[in-house]
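What follows is a set of structures to go through.
In what comes next, subunit A is part of two complexes: it sits with subunit B in the first one and with subunit C in the second one.
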Partner chain A sequence: MRASTLLSEILAVLAKELTAELRSRVALNAIGLFGLTTLIAVAYQIGPYQIQEQDRPHLLSALLWIILFFAATSGLSRVFVKEEDAHTAKTLRLAARPLAVLGGKYLFNLLLLLALYALIVPLYCALMGYAVRGVGGLLLVLVAGAVALAATTTIVAAIIARASGSTTLFAILSVPLVLPLLVMLIQGTRAAAASSELAVVLPALQGVVSLGGAVMIVSVYLFPVVWHD
Partner chain B sequence: MTDNRTRALLHFSLGGWVLLVILAAFFYAPSATGFKGESARIVFFHVPQAWVAVLAFCVNLVASIRYLRKRNPLDDARAAAAARLGLVFSVLATVTGSIFANVMWNSFWNWDPREVSIVILLLIYAAYFALREAIPDEERRASLSAAYAVLAFVTMPFLVFVVPRIYWSLHPDTIIGATGRLKLQMESRMLQTLLGSLVGFTGLFFWLYTLDVRSARVRLARRGREEA
Partner chain C sequence: MSGVSVEFQKVGKRFGNRTALAAVSGTLRPGQVLVVAGPNGAGKSTLLNILAGVLRPSRGEVVYRGSDGTVPRAHWFEHLGMAAPDMAVYEELTALENLRLFARLRGLNRSDADLAALLEELGLGSREHSRLVGTYSSGMKQRVKLAQAVLHAPAVLLLDEPSSNLDGAGHDAAAGLVARLRERAAIAVATNDPRELAWADARIDLAL
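Showing the complex of A and B:
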């Protein structure tokens, strides 16, 4: 009974986030346009022919994740910052239990990241001439990356929402926590691009999933403190 | 009175111990083979500095968890004191590591996974203080920075153990090998000096930490009296 109530609360928070976002489209526009602008700048200046053949695996996977991560940072903090800015956080505290708020906001950020990846990754492969042999492996890396990145950025967004200069703080606080994740994701993407076998992405996936899982578990314990203080 | 005498004795012992470690690092420990000149002697200072940076991170975690459980402002002061020292020692470890890298590989910075690990630790400490500066309310500052400290600690095992295993590293092997077995393959006098230095730096950390916490305790007590 309690589990189903929690689930319905999580889905209600997610529905609220989606309705509010589709009404204003601030986060969608910020993330999508930031991603597109950066991609165009990179493709225009570097393109498919400016990189030496031996450097392509390293540079293309790193550039892809730099574009994806920095585009994500432009919008993911909004999920909590907007509640403080609009003074709706108190109402939300009364309406839903902390775990439901965390779950709903996490799912919303996850959907935003997946939408960003769906837009940017095919365009990046086309514009940069990035031939990926293991499409299945790349999809696994992208999904695991979105799950783990959403977990870290959601709890950091909750922490910074109640500080002054929160948008700047989001990047400062999240970059050190996300760097190990990005290193493993770049490694996984490079492995997927080089081979069609799924096994090649497993070492990176293990790291990404375990770090994402650890952050999620810690977030469940920390969020009530962050949310109510 | 006895307390003061014990404390003074401990301070003199610590000073003497650190002095002995410095002398041992240059005159007692033999030269290491496979390294340029006497560059390997930096290990007696660089490794303990990196160890203290990580130790400070652990102390910061324990104090942060204690704060979240008991809401004692002194635990917040303990967490901040540990982080302050952690920041200083991670800067020192980065600088000494860079000097060693320049002597060995002719470059101050090689983007080695272990170099990156200590820099990320440094960034975490810096972010911790950026967060503290941005929250004027003391209670909220204490609880949110404690939450960030706990969250940041989760990434530590990945920085120290996972990322260096994924990427090839120039860095000399650590004491705990990749197999998880202890690998203390060091000449006995070098090992004695390194262990002595680890004890000395740990003592130095706790001395500085205690000073910072005592001053915070006085500050809190004075404020309590003013409010009463």
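Showing the complex of A and C:
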């Protein structure tokens, strides 16, 4: 009889991920380097003054999510591939419930994304002169975006790890799932930048939460099959 | 005797046009060691992977039978311990951290003293427990792999070349572990090592 709960097993996987990452820093370096390089390149070429005033809300919110998404992709896609590469996947498969693995990996990806946001978003606002009127709305959009993006990238990473770990495949599988999500996140960010009213971000938030929730539910049923077969 | 037995009937595996394992039948019984021998490529590891549930057979079936009846495939892993050349423990963690992780994942409340005692039984002294596994020799890693396989006193133990990379003392430690566990566990060992062949209560010889 198992004395532990699913939650404690999820936290065990998360603690393992965090400890291993803090010692190797592979994912942190990848997303940090990619995020900062892209941000500096964009800021150097465009900066706060190269965009017409009427185009700023659209372009700045789109550029922000492009930087965040591609930086995240460089690190999050390895969360399962690294287990296959290190031959630890089978050891983990025989020791843990699939949902404990999925939950732990998901929370790890979520924390990585939030760390990326904490690094990039303030720098982006400063370097690009991006004035956000609704800071509370933007925070809601960012958190909802992180929750949904982490869910999407985690299940896609699990699928590609079983398909010999192609990062190209990661990009191809992610596009149909991530594209509608990114469109809604850009809309929500644009709305938050334009108004301090929380209500203006609600339509985008509803879409992001719905899509993220749907991906999570599908993942719960799909992951045990992907993980074991 | 309580425990779990593993019955396999005409189990075979094909990868494309290549037959990796011809139809094999047998039973792993609690208190017995079944040795699977045969030349390289005969399907020893394939058979153990099928028995572990990490590989689906192309033909035949495997049944885990416990005191409460047949065990569903999704729950096999709860009764199972395995060590194999294609399995590793986490190199970014220490030996003790690895065992703590696998104990938590298996729902065990094991003290560090218990975990350290297991490592010492396998010949890893206390000075080594807090070193990252990535800095270990291959023989020391093999000892940690064996420790994670038996951590939960599994009812079914599958060992694929358990003495690989081990020196004489390591082999003796592995043999001691098998001797301790064979009282209640059903054990299968895939090997060609004459010292491990001697552990057999039953034997399957696979051919190319």
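Everything below uses one rule, namely that the second predicted complex is superposed on the first by the 223 of 229 C-alpha atoms of A that agree within 3 Å, B and C clash if a C-alpha of one lies under 4 Å from a C-alpha of the other, contacts with A are read in each partner's own complex, and residues count from 1 in each chain.
To be clear about the criterion, a contact is a pair of C-beta atoms (placed from the backbone, for glycine too) under 8 Å apart; a residue touches a chain by one contact, two chains touch by 3 or more.
Not measured: the values here are computed from a predicted model.
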Partner chain(s) touched by A:86 [first = subunit B, second = subunit C, both, neither]: second
Partner chain(s) touched by A:229 [first = subunit B, second = subunit C, both, neither]: both
Partner chain in contact with A:116 - subunit B first, subunit C second, else both or neither: neither
Touching partner for A:211 - first (subunit B), second (subunit C), both, neither: first
Which superposed partner A:187 touches (first subunit B, second subunit C, both, neither): first
First, second, both or neither for A:30, with subunit B first and subunit C second: neither
Which superposed partner A:20 touches (first subunit B, second subunit C, both, neither): second
Touching partner for A:94 - first (subunit B), second (subunit C), both, neither: second
Footprint overlap on subunit A, comparing subunit B with subunit C: 229
For the subunit A and subunit B complex, residues of the former touching the latter: 155-156, 159-160, 162-166, 169, 172-173, 175-177, 179-180, 183-184, 187, 203-204, 207, 210-211, 214-215, 218-219, 222, 225-226, 229
In the complex, subunit A residues that touch subunit C: 1-4, 8-9, 12-13, 15-16, 19-20, 23-24, 86-88, 90-96, 100, 224, 228-229
Residue numbers on subunit C that touch subunit A, as the complex places them: 52-54, 56, 74, 77-78, 80-82, 84, 86-93, 97, 101-102, 104-109, 132, 145, 148
In the complex with subunit A, residue positions of subunit B that touch it: 68, 116, 120, 123-124, 126-127, 130-131, 134-136, 139-140, 143-144, 146-148, 150-152, 154-155, 158-159, 162-163, 166-167
